[in-house]
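Structure in structure tokens, see below.
Labels for the chains are A, B, C and D, by order of writing; each one numbers its residues from 1.
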Amino acid sequence: MSSAEFIFEETVRIYDTDAQGIAHYASYYRFFTNTIEKYMREKAGIPYPNVNDELWFVMVESHATYKKPVKLGDRLTILLSPKALSKKVIRFDFKILKEGQVTTEGYVIQVAINPKVWKSVEIPEDILKKIVSV
Amino acid sequence: MSSAEFIFEETVRIYDTDAQGIAHYASYYRFFTNTIEKYMREKAGIPYPNVNDELWFVMVESHATYKKPVKLGDRLTILLSPKALSKKVIRFDFKILKEGQVTTEGYVIQVAINPKVWKSVEIPEDILKKIVSV
Amino acid sequence: MSSAEFIFEETVRIYDTDAQGIAHYASYYRFFTNTIEKYMREKAGIPYPNVNDELWFVMVESHATYKKPVKLGDRLTILLSPKALSKKVIRFDFKILKEGQVTTEGYVIQVAINPKVWKSVEIPEDILKKIVSV
Amino acid sequence: MSSAEFIFEETVRIYDTDAQGIAHYASYYRFFTNTIEKYMREKAGIPYPNVNDELWFVMVESHATYKKPVKLGDRLTILLSPKALSKKVIRFDFKILKEGQVTTEGYVIQVAINPKVWKSVEIPEDILKKIVSV
């Protein structure tokens, strides 16, 4: 299935930083989540990660590699590529750039579940299409 | 109603700090929550803040004053005094000390609700007693 | 001294919520910080909270009252009113609205310091003007 | 180089959870950090992650796989295995268990730097020994 690239702009805020004077490593997962959330709202047009009473996206894996630190006030550009790994599983790849240079790369993988029974389910085709082929 | 004092030890961790080299102001609310949680578990013997399906403690007010900054690795002593403001409302007062000196003071106020109807309820007397007169 | 009102739009994201199904009480302080940061960047035109090597804004007090809960995906409107309490101290008042109704009110108070000596200082007049009379 | 296993007990607190009623995926990185911090303080006897003015541990990679969700109030057992990948780089592997069952696995990789020049450095042998062969 095809993938689309989405661009999100973010600022490094004081609560993202730590006493090393750089963004804390776990803050990048907030940048990732912010990017998916905006993509889902503005491009795919679906609530995220709780789509409805029978469809939630639950995290199964997260990963990040930190190449260059970012600092308080830095303006970041976050590139998102969503991809369906199966009818149930979506992978979101990220690249974070500062002034054109890659500072961080990462991904998160989410599985669709029915929260009523907490079991994996196939993502309805119309929803999947909105996510991976905008 | 009477109140009891409870002591909790905490370390300032890297994610508590920010690029000012001190604990971020919102991290203190995590110190407060940690202290109540431990008090409830070890002293009062009740789950917190979701006691059961018909009793949750929901936040209605939070406050902190920051007198002296604390830094990465600092060992903090947090004093907690719970107090019933009514049969439905509890106030938790905090003092945070570092090496015997008060660095921070604050409080949070929580109201008991029934989450099924999201309305305030009286705290059952046996539970209230466990909280305010340990 | 005069004050200006600034409006910021925010979405309640999954990491803002907790197992009560509502925004966690400390998440509102992130909403407050986001609002000041955007105000400082877009309206006042100064880095925040670390303006330069000789001027930082350090938190001395924070407060919030929670009137109505907000939930995952809710769109919030945050009103900010900055006010100089003295030549060294600024108070930021907040109102958070959802669909026209006030859900949360609060404030934070910050003092200007010189981080090299960690002492309070007067805010240079040109900077103070940018903050309180945009 | 040899590795040692360290055990840390943690409770899932309200701020660790989200509106899916489970621990938020990024909260596990806080569990990881808490475990390393306690290991460094109690076993290795060194400040973490800022050891001294010439030695900091900076994050270069983080990873987690989520097998089973954990909930508010769950008591977790976190197993830590530190390992030197080189004289400059340490990998910390984690397993999180709930009632004997693995819920989460992950790792973080950190490089030693001299913060004055922000360049990687070899970890002094006495410090490296304390970390990987306790």
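Remarks
Basically, a contact is a pair of C-beta atoms (placed from the backbone, for glycine too) under 8 Å apart; a residue touches a chain by one contact, two chains touch by 3 or more.
Composition by chain, UniProt nomenclature: A, B, C, D = Thioesterase family protein.
Keep in mind that this is a model prediction, so the values were computed, not measured.
Taking the mean Cα position of each chain as its centre, C sits at the greatest distance from subunit D.
Rotation angle for the C-alpha superposition of subunit A on subunit B: 180 degrees, rounded in steps of 5.
If you average the CA atoms of subunit A and of subunit B, the two centres end up 33 Å from each other. With each centre defined as the average position of its C-alpha atoms, the distance from subunit A to subunit C rounds to 27 Å.
Computed from the mean C-alpha positions, the centre of subunit A lies at a distance of 23 Å from the centre of subunit D. Residue positions of subunit D touching 2 or more other chains, listed in rising order: 14-15, 19-20, 22, 26, 30, 33, 49-50, 72. The touching residues of subunit D, when paired with subunit B in their complex, are 11, 13-15, 30, 33-34, 37, 41, 47-50, 72-73. Across the complex, subunit B meets subunit C through its residues 19-20, 22, 25-26, 29-30, 33, 49-50, 56, 58-66, 69, 108, 115, 118.
Residue ranges on subunit C touching subunit D, taken from their complex, read 14-15, 17-22, 24, 26, 71-72.
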